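Read through the structures below before going on.
Presented sequentially are two complexes of chain A, the first with chain B as partner and the second with chain C.
Let's turn to the complex of A and B:
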């Protein structure tokens, strides 16, 4: 299944500056694996070694926040990666 | 090739390069603006190579490698990470790579890294791919050795390799103590006898101490120095009992601090930068009057070195990786960076000081490279 992924600015060093990239997968985990295959290193910056979403990262599928890597992603969906930062 | 001071800060990496007399310094950078840089370390076996421990406020931790003296950097293919936890096990994840140490001179390409939560990692390919050191990370005593719950998480640091024996390793954990391995990291034993731990109910506890910085002398590797939460210590192996050499510091100053740095040749010379460890632990210069102290006899006596440093109202904090020496053997340069973004330099063993950079972000590390 094909989807689009919106890449936030902290991760664009991996995508050669691209804001929006295509990816494959029926779940968020598969979409991230698809991204990792093209942009090596990107997954570990947002998901830890225990396959947990990092504390200040949020994922949305279309406009719905998802908190599990098993969340389904449909063909034509848009995945947003949000980096939450506060303070100085 | 001129010397470079690499400055790791909360907002990126900077470089300071001196003229031939180390009087005028030119600031370059930032590189990785906005990244949190805990440590930048040159490989003495291959001086073109540097590793950098980094993360950002939101992204996970990683390591960058340069093979051209810091002009360009490439991220590790497999950054330090704990092994996947089995069901029912504590599922640890590296929050930050805090410390980097090149491996033994005979093991080209080998590096060690320390993390928070306390973990030890090893790379055999120059920092590209990292593996957890199971002998420490899965040691049956690990959960008892660490876990005192400091606000920033426990830190594994001060990884020291015996230059005579690649299998003889030391590491330190804040808080947890100093630990030693004689088999390349397969097993570890606490090495804290003689160190105070005023904050523990058992003052003679074998572990749970808070070493802030431990340094092994490269020319006299049986000698270790330690700046601890509870004093300054020296250990001459094969003894196992640390001697509190900070007892010789002036009582009005005490012997609390973060860094301790050693003379590159003379194992009797060391520098410390005392801080205020009273009441709620301000961790600032004592009385707002910063001073470095140097011993020339292994800690028997200490001399105050504050010429050129501010005389009053200077509440500096200097973290454990933020002080170093250079390799000018006739008159060793000594350097420190503050959490207020200043770098101070002495071209003469600490006798006099000048501020060579200011207005930088919070400084986490100052390291010398050639």
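Let's turn to the complex of A and C:
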């Protein structure tokens, strides 16, 4: 299943500046694996070694917050990765 | 708080709005608002709040005006270079509206002073560029029951959210913990100059709505603005029952300097090297482990001979590359990222990490006048 992932500004260095990229997967975990295959290193920026979502990151599928990597992602969904910003 | 004839004329376009009217304008005159940070966000917010007739504005910033600020910090003019931001801002705001009071706080907010300062105001706007300050201000607002309008920016993207005591999630509910260096800052990554104008104006608008009691505030919603796409995305945010400051069993009863962040620890334990001291270490031998934690683009533009590049965001997972080689010395542009790098190294058990205090800017100033540190 394919979806779109909105990449937050601080992580666009992994995606050659792209702010929205296609990905595959039926769960958030699979979507992240799909991203990692294309953009090595990006997964570790959003989940830690124990596969826990980092506390400065939030995931939304369409506009529903998901807090588990097992959360389902449907075909055509948009996954928003939200990262804390510190600039003022 | 009644309005003079001059004030009624000045605020006529507000008074004409039935939602505001004379009583709403009087509420603005009575309002005391604190702007934390007089930078990209604070400048436009302060301009609009002063123009709107907010009776008392407080400005917190310890910094001085630099030339790279003028691309977006619209309170300042070229002649202000080197001045304290809060002083230059006060002058500009009073020139716009001499009827208001502008209080200046040229200091760093810390656990010891944040409650006293925040307590003197009714509404707080956070536009600081430090995560540790964001948590301090959030915690003070929650503990003192003050509304907080927070915003943050990075490159072409901005976020905003409003906290009203007892009515919605706070900043810690949104992001329970952020490691310094994990989130992007403008100095490191650059920022579109107009971007903070959009977000700062949203903050000012929220503050005016709260003071006058109109409209629906941006509570329980995170507003994300992407300037490149021109999209505003609203995402729901819930209170976290386990939130350390506003949750059901809070364990933060007073603001803490560390805020759960790492740099305080590093300030104590890291070796802080001057440019001259680092020059001495480099001369002493080739075994020095010199790690430049700037972004690859910055590193490519110029770096010290012998330095290797591990961007701060990748340091934690790449520590193995430098473990066992001796005590590393971290470098960055201004000394903030390198301090965060020390904290990461200390937590991983690497002994005596050091960093170049003041960063490559200080190196350029003290050791190598020919070197120009790439801006942002």
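Worth a mention:
Note that the second predicted complex is superposed on the first by the 84 of 88 C-alpha atoms of A that agree within 3 Å, B and C clash if a C-alpha of one lies under 4 Å from a C-alpha of the other, contacts with A are read in each partner's own complex, and residues count from 1 in each chain.
In this section, a residue touches a chain if its C-beta (ideal position, glycine included) is under 8 Å from a C-beta of that chain, and two chains touch if they have at least 3 such contacts.
These figures come from a predicted structure and were not determined experimentally.
Contact with chain B, but none with chain C, is seen for A:50 once the two complexes are overlaid on the shared chain. Judged by the touch definition given at the top, the superposed model places A:41 against both chain B and chain C. Contacts of A:80 after superposition: chain C is touched, whereas chain B is not reached.
Of the two partner chains, both chain B and chain C are touched by A:10. When both complexes are overlaid on chain A, the residue A:22 reaches neither chain B nor chain C. Comparing chain B with chain C, more residues of chain A are touched by C. Of the two partner chains placed by superposition, only chain C is touched by A:65; chain B is not. In the three-chain superposition model, chain A touches both chain B and chain C at residues 10, 41, 44-45, 54, 56, 83-85.
Those residues of chain A whose C-beta lies close enough to touch chain C in the complex are 6, 8-10, 12-13, 19, 41, 44-45, 54-56, 58, 60, 63-65, 80, 82-88. On the side of chain B, the complex with chain A involves touching residues 56-60, 62, 75-77, 79, 81-85, 91-94.
Those residues of chain A whose C-beta lies close enough to touch chain B in the complex are 10-11, 40-41, 44-52, 54, 56-57, 83-85. Those residues of chain C that touch chain A in the complex are listed here as 37, 39-42, 126-131, 134, 151-159, 174-179, 182-186, 189, 191, 196, 222, 224, 226, 228-229, 233-238, 295, 313-314, 317.
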